[in-house]
Amino acid sequence: MPDAGAAWSQRRDTVPLPLQVDGLCYRVDEETLIDNISVSIDSPGISVILGPNGAGKSLFLRLIHGLIDPSAGDIRWRGRPPDLAQRRRQALVFQKPVLLRRSVAANIDFVLKPLGAGYRERRDQILQAAGLFRLRDHPARLLSGGEQQKLALARALATDPAVLLLDEPCASIDAGSTLQIETLLEQTSARGVKILLVTHNIGQARRLADDVLFLHHGRLLEYSPAEAFMKCPKSPPAQAFIDGNIVL
Amino acid sequence: MKTGKKQALLAVALIGLISGSGIAGERSIIVQSTTSTANSGLYDHLLPQFKQDTGITVHVVAVGTGQAIKNAKNCDGDVLLVHARSAEEKFVAEGYGLSRHDVMYNDYIFVGSPADPAGIAGGGSATIALKKIAASRSRFASRGDNSGTHKKEMALWKQTGIDPTAHSGAWYLETGSGMGATLNAAVGSNAYGITDRATWISFANKSDFDILVEGDAALFNQYGIIMVNPARCRQVERESAQAFIDWILSSKGQAGIAAYQLTGQQLFFPNAKP
Amino acid sequence: MQDFGAAFGLAFSLVFNADADLVEIILLSLRVSIGAVALAALIGFPLGALTAVVAFPGRQAIAVLLNALMGLPPVVVGLLVYMALSRAGPFGWMNLLYSPAAMIIAQTILVTPIIAALTRQVVEDMHREYDEQFRSLCIPPRRVIGALIWDSRYSLLTVTLAGFGRAIAEVGAVIIVGGNIDHLTRVMTTAIALETSKGDLALALALGFILLVLALSVNAAVYGLRLSARRLSYA
């Protein structure tokens, strides 16, 4: 596997790091869902946002992507707010893939076409890389859950993002597709793309994470390199989570 | 872009669809006329002959006389052929039309069910029939649409001194519709009605209704023809309109009117002044 | 009533003999109503999608207005178009009154609010599903509207059908602006009105049956199309 660090240094200029989050809060009707998160992420590779259900992981992802506005606090990608210009350099893969009511190929074309000529070859490359080429003429919405998620990921990659955000991409799909997606993510990371991956699957975190953000009840309890986090988590909920206990 | 081409193609197809065959290149006029003349089939009988003689296509808009006059005032026609003499003369006097000519006549008749609750059958006076209907409060279906027939009916009521509209909705039913619709209403609700003879002969939904009163000179029904004033309405096809009027008033047109029969009965009687 | 039996017989004989006048009237009916619906779709799809997707001042008002205009009486539309196209009216110089074009214009006005209002509902539902993904992809509004219209194409087919049903069935507008002129502007509904006024109820009813069959076949064709779309999970 190529060295992520080497590619990273080559792409350093194009990847808008560090991501600085300062006093981030998100409330709905007096209920605080994201509670004063501050963190600075400047590492290459894959950052896994880990935590039990309802910890606020998906919200955190949407906030830093700029899809929703925080109630308080500040988000900066290398000093810039998460506006349209920043979002253009990012891609988000949703937990439940949102596919167009078209063929597999047309779903990729949708994001490639504005980039101009030669999009057909690029689309075919992308579909091949995702293992979807033979399905290119199938209606996207008749694919299996795993295939749909692979297509959503392929479409995200087709936009050539500098930052790839994923929200539980493997939450409800088969093992084979999970493996293919994880392989794709490793390759992507190796090309120097910064990846932020939300998961509550500790196994997936172990396999992929370079560093870990552990969220619990809307709070960031821990941000450490993956190895350190897995060996000796600092907070009791993180310890319980790693041990496979139910964390409330 | 591909979609751009598609849209252009669609637009072209649409324009073709809308403009379609149309009436381009062919001489044609619009005649604002009455339902009685059109529904009786008179025009279907006359117009092919006229077209053969002159090559001019005549488009007939068949509405009530009141509506026809209003449309003609809006310049939406070249010729007016209706049956309400005083309204026609007013139309000419106000400068909307050129001179008016008598074309043909027939007569109005009272129709009703054989039960005849007002006992008007066999009578020869229109005003007596109306008085009997009002006195017995028998149902009467009126056009109520300012048409030639309606104007005639109102003139007859005026002679009786009765204002039927005071009983509108009780026994006096104003349909506000064409002759056919009013006859349908009369037949459907067992009401009396006044109609021109041509419409009655060609009317197919008579049920058991019959002619009850006829022959009163007051029931005379005169049709007139007028060219819409080209000085007011620039779009009037003056030559073609004049050709149509001349032809209708000519011996050939008049003979054509006389020759038109339905179920062995003559519907219109030509009376143009030579 | 004996009229029903007679009407059925008459309808069959008219159809089987391919009565030339009837064919002409049917073709004109289709041309006018399909033309009007196509124009209305061209206006109504983007308009409906726009009100569903883009937040602009007066959007709610337009949505309410479109819904209200769905119930516009055909004769009112006919009257308005007559006044506009009359030679005494502002567009009299176009010489369109008493032509199929005038009928298409009237029916377009009648059908556009229906298509726009229903499109708004269809597109709004789909927009809810696609919104975050599109915002994440930074798709500009124009493309969002285009994509939503394209992706709801099979639902919009049903919307179009609702418009077509209204157009092909109305008589109030076309009889005023078309004038029911034989061989020029006579369509199925005005022919039915004419035969009714002549008291020829059997013939009127026969034409009504034929109109019904016409509408049924169009509906069946679209239904079939939708079924196959559902199999592809596009609907």
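Chains here go by letter, A, B and C, matching the order in which they are written, and residues are numbered from 1 within each.
In this section, contacts are C-beta pairs under 8 Å (C-beta built on N, C-alpha and C of every residue); 3 or more make two chains touch, one makes a residue touch a chain.
Here the structure is a predicted model, which means the values were calculated and not measured.
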Select the chain whose centre, defined as the mean of its C-alpha atoms, is least distant from the mean of all protein C-alpha atoms. C
Based on the averaged CA atom positions, which chain is farthest from subunit B? A
Maximum number of contact pairs occurs between chains B-C
Taking the mean of the C-alpha atoms as each chain's centre, how many Å separate subunit A from subunit B? 78
Based only on mean CA positions, could you tell me how far subunit B sits from subunit C in angstrom? 31
Chain centres from averaged Cα atoms put subunit A and subunit C apart, in whole Å, by 47
Note which residues of subunit B are touching subunit C in the complex, please. 10, 14, 17-20, 22-23, 30, 35, 39, 44, 59-62, 71, 73-76, 178-181, 183-184, 187, 202-206, 233, 235
Taking the complex as given, what residues does subunit C use to touch subunit B? 31, 34-35, 38-39, 42, 86-89, 92, 95, 97-101, 104, 179-182, 184, 194, 196-202
Looking at the complex, which residues from subunit C come into contact with subunit A? 129-130, 132-133, 135-138, 143, 147, 150-152, 232-235
Complex contact set, residues of subunit A against subunit C: 62, 65, 67, 84, 87-88, 90-92, 94, 98, 100-102, 110-111, 114, 139, 141-142, 159
